[in-house]
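Shared between the two complexes below is chain A, which pairs with chain B and chain C, respectively.
And then the complex of A and B:
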């Protein structure tokens, strides 16, 4: 294969990307918007969650329990004497939950009877509600242990659960969301941008002009792929640097493994982009198809935000042909854990299989002659 | 004037319906999105595998493991390991989400009236799911300890309850919320494409030389988008209520009032984008650039309260934020009219701003 025509093609393709405002939107503006929104805004971590603590009758234990809610960094607790006002706030959504310490709390506690504490959360956001239940009851349990220790009742048939969270001890959701977001950004560039620019060539008829040149089909495809591959790798590098420097995400695996895994993923997205443009040959349809077949699945069906194991079986089965589903856990492992072969090798093999299928179809469907 | 507007609206609806491409966009993506989103956007933690290293000689360790394994949806499989290294490998390869280690003297400690230690190791690469699981295991352990005859602590009983959604069904939150998400996409796409299509076909000039004034043209472009958006919204409300059995406790007319104001605000944005672009493809991309942040900053996937204060301030300009409160309020909370109106107010301000900005830009680009 002669290289000079190939270089000319790569140069032409790069100029084409740089000249079009839509390309810049997809390759630069959208990735940056997503990166900053995920870095700052999208978070599962409770922070100053507003709660209402109802102390129906003041007593020494009730006051000390209420104080431990007010001291917690997870809640912004305010005191009320009755539940009526708190219930309205729960309806309007201005608080996420409430704790009710009943009037007979102290009497029951001192008398050795079971002393109930009610924890009520706003179920209209079930994930936050589940976390609130854990954090609120955790606060009660810690308080109980401290008081029991002070009264000399400690270690009487109790279970102490100690937990450690590996790879992410502070349990910051940002640390797993940002690496996963690299998959969405790679999809934007690999599939959406590629399909858009190539379908424009079909639409404008310049693809026919390309076919009149002495280039072979593999050369044509390579000339299309290499610029987008380089652009994708540059975007990955930029995203990684921003994630590490600005948002404090660690990179515990090696850069080489990251580059290899990303290259394999880019192959699948580039194959998909070429496939869409070859079949659609129309910018508008290509944009639609890329949104639905690449961007949405990378967001919804990759395990980035939503749990695949909790989806109904047909959708779980469908995620197996979404290449981002393999790339997202690989990224999370590379950033937070290490070059873990138990995760990376099977995922890379699956992505290679998807890429092989995509390219096989692209090569079959790319016409060598116009009258085909 | 009204006759001309009506004629424009009828013409607009015909144009959307007659063009094969736009008819497809009207029917296929919304239904696919509705079904896909409603099943895929779940934050529930289900069907997970856990690892257990049980070194305990007595029966208490086994008993706790069995209670964990018996939890209906949460735990799919409990894998027993004898060595720390193999269990750690299973966690590293993401075969399990958690390792529970029960030390040798666990049962002896509990029977002797001492503290039994349970050790959990969780995968921080999924810290949200890990925390839900951790809370669940802690509950089981505390429950078990409180049933022991040797238990003599302070007898505080925690009675947890969730209002509005007692079983914490994920779909009760996400499926009604799709009313806001999907009608936003629809409103933007329909209005964005209609202006761009006229530009592409060259009929925009014809519209300009017609007796219709710019304001009439804008109304003629706004109303069809609202009608189509309301139709899709009704479909999703019915889908949530009948297919997912989400209760509809509040006032439906108030919900529709909220939806009308919300769509007006969204369509203002759509018209604004469409007066900036030249082709339908650019209109699609423009709409998409607006939709992605608008959804992320709406409180749909993650709560607004978790965001930093300056970003929370920015979300106040996002109409989806208010409409989501109304949707959840009317569906689950039987929200009083005053509360609903308090959310509609800011949306009206946003709608006034986006629609007047759009009509200004519209006229500006014409002259």
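And then the complex of A and C:
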């Protein structure tokens, strides 16, 4: 292939990216907004969740249990003497849950009744409700164990479970959200921006002019692929740097593995972008198609926000053709664990298969003439 | 000199899916090197399809095309090295500068080193773009974009240059320069195929292919076609303000197949074997002169294609407006500054009811700016504009109730059907129950009935323009603003259009129009010529022509006058 025309196309595309505000918006501004939104705003962690602790009758163990709720970093607990007021607060949503320590708590405890404590949670948001339930009862269990130890009651006959959380000991959701977000940003550049710029060339009639020159189809395709591949890699590098330096996400795997895996994923998104633009020759349709076929799946069906294993089987099956579904866990492994070939290689092979199918269709469908 | 034709087209047809009739229908013709081969025809005749077939951008459904012996489909790679093609929209990258666009095309065509340097110098001086190499292509005027498009197509010297309507929306000066450039290329032995809606351009071609519905109606020198009309073209002079009424009577006669206004005169074409009418038959004043004149290619074009059946315009039956003869549109010292740039400076005029006022000027001279201030779309930096006695600065909405506006670009709702567009505009103009009645008459007059359920965006160009005019005039405005109303439309549709406009003017409507078509400008009562933001002259078309006459050109055309007046202004500027 002749290289001079190809370099000319790459240079043209780069100048256009730099001069066109909409390219910069999609390639720079939108990723930054997502990064800061997910870095600072969105969190699946429980922190300072408002709860109410009802101590119906003060006693030494009741006070001790109430204090352990108030000291917990997960809750912002306030005390009440009766349940009446708290129920209203639960209904109005100003608290997420309540713990009722009954009047005869001390007596029951001494009588060997295991934990006569009532826990009520707001179930309107099942995710938060589940978390609240676990954290609230967990707090009671921990308190019980400590009391038992202090009283010298042997833990004989009880199994002592020491749990440790690997890779993300503080269980900060940002540490797995931010690496996964790279997948969304790559999709924006690879699919959304690419399909947008190609369809714009159709709309403005420049594609017709290009087709009338001696340029070959591979030259035309590479002239689009290479600049947006480079732009995608630059965005990945910038996102990684911001994630590491600003948000304290570790990078435990190697940069090389990250670059290779990202390159393979970019191929799938670029292939999809080119495919959309060969079918939709106007910018509005191309944007809509990119949004629904790439951006939203990368968010919703990749395991980034919702666990794939808990999706209905048909949707689980469908995620297999969403390339972000392989990239997101690869990223989480690379950032939080290590270059784990057992995880990365199967994911990469799946993405390569998707990319191969995309490009096979693109090469077949790319028009050589206006009536193709 | 007999030349071996460079392009041979043999029994070519091209059908598109879903179209009942083929775009090109069994066409056989040749185009030769060393000449400008004109390609003309009404909208939808197949001109663009034929050019795209030759560029290898479409494959013929049947038949064969050979360009210098190459098949455009199977030998596309080789073909594209010898064919240069300028599409209708020029194919320029608007975010790149003039030089970057040229460099891109040079790299694609692998014109490098000393050869590139020499070619760039040639092309930049040829197109007079050397001063603008750092300007973004998107910021160039229409004429300059077109020259750059041509330069990009010519970075390597082709054997064949295909130009698809290169002169649409471009002022007469740029059009002449483009013609000069094409003629120089032809002298170097290149074949040029030039598709155009301007029939004066077609007349200057050595050979013309006249297409209609994909078939050839004439293939040969334009003079052959014009000669058929010998003795059938008439010039009716001395009509003054009655010319529009006389035209109406003339077109009602079966012996007259075509008629247009030319300044204070009328140009009429007789049906074959008919005698010239007398002044009284035309209901013209007795002192009117009727003389035979040299036929033009346009006369022959209309005669060959058959002018459309003359319908009485629905506008004629509307009641006469009371206020004619009063000033309806007034501009007083209109000035518009954008930052440090003055787009329009101290523009003043007054237009009476029932008058057609034309704003003419080169691309980028400020006529669109002035036009937009007049119809209240742009706020003047100084001066004021009033319509129907209402100041656009203070009582804009009252003024707008009297205005009909037809934008240069298609500005109806493309995704609504013809009927829905009419209903919508009836609604916003507050016609209420009358909407149905009024739109029925519009549908009949503009022959929109077959298209009622089609989306407006999918209409053929001529019908889009008709629908736009219908929507702009539903509320019977007293003043009508038309911004390049017939740009890109064929001469037949343009005639029909002006038939309606004349009918409206006949009952006292004021019309303000901008145009690059000089035959359209001939319909105006008065013309304001705007150049470099100022109105350099104002007068009737005949007065402008007389003002530009000199011993060398005793009877210049309006286009000659336009160019002479602009050049005179340049000289005056240079002297001071």
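Just so we're on the same page, the second predicted complex is superposed on the first by the 365 of 372 C-alpha atoms of A that agree within 3 Å, B and C clash if a C-alpha of one lies under 4 Å from a C-alpha of the other, contacts with A are read in each partner's own complex, and residues count from 1 in each chain.
Just so we're on the same page, a residue touches a chain if its C-beta (ideal position, glycine included) is under 8 Å from a C-beta of that chain, and two chains touch if they have at least 3 such contacts.
Since the model is a prediction, treat every value here as computed from it, not as a measurement.
Novice: Check the residue A:33 against both partner chains and state whether it touches chain B (first), chain C (second), both, or neither.
Specialist: A:33: touches chain B, not chain C.
Novice: Under the stated touch criterion, which partner chain does A:19 make contact with: chain B (first), chain C (second), both, or neither?
Specialist: Only chain C is touched by A:19; chain B is not.
Novice: Is A:211 in contact with chain B, with chain C, with both, or with neither (first, second, both, neither)?
Specialist: Only chain C is touched by A:211; chain B is not.
Novice: Between chain B and chain C, whom does A:41 touch in the aligned arrangement: first, second, both, or neither?
Specialist: first
Novice: More residues of chain A are touched by which chain, chain B or chain C?
Specialist: Partner with more touched residues of chain A: B.
Novice: Identify the partner contact of A:4: answer first if only chain B is touched, second if only chain C is, both if each is, neither if none is.
Specialist: So A:4 only meets chain C here.
Novice: I'd like to know which partner A:138 touches here: chain B for first, chain C for second, both or neither.
Specialist: Once the two structures are laid over each other on A, A:138 reaches chain B alone.
Novice: Going by the contact rule set out at the top, does A:266 touch chain B (first), chain C (second), both, or neither?
Specialist: Touch partners of A:266: none, neither chain B nor chain C.
Novice: Of all the chain A residues, which ones make contact with chain B and with chain C?
Specialist: In chain A, nothing is touched by chain B and also by chain C.
Novice: So in the complex, the part of chain A that touches chain C is made up of which residues?
Specialist: Touch residues, chain A against chain C: 2, 4-5, 7-9, 11-12, 15-16, 19-20, 204-206, 208-216, 368-371.
Novice: If we count contacts the way the header does, which residues on chain B are in touch with chain A in the complex?
Specialist: Interface residues on chain B, with respect to chain A: 21, 25, 29, 32-33, 36-37, 39-48, 76, 89, 91-95, 110, 113-132, 134-135, 137-139, 141-142, 144-145, 148-166, 168-170, 172-173, 279-282, 284-285, 288-289, 292-293, 296-297, 301-303, 305-308, 311, 325, 328-329, 332-336, 339, 342.
Novice: For the complex, give me every residue of chain A touching chain B.
Specialist: Its residues touching chain B are 21-22, 25-26, 29-30, 33-34, 37-38, 40-50, 90-93, 96, 108-109, 112-131, 133-134, 136-138, 140-141, 144, 147-148, 151, 153-169, 171-173, 175-176, 196, 283-285, 287-288, 291-292, 296, 300-301, 305-307, 309-312, 315, 329, 332-333, 336-338, 340, 342-343.
Novice: Provide the residue numbers of chain C that touch chain A in the complex, in ascending order.
Specialist: 16, 52, 55-59, 73, 76-77, 80-81, 83, 85-96, 100, 103-105, 107-110, 112, 136, 152
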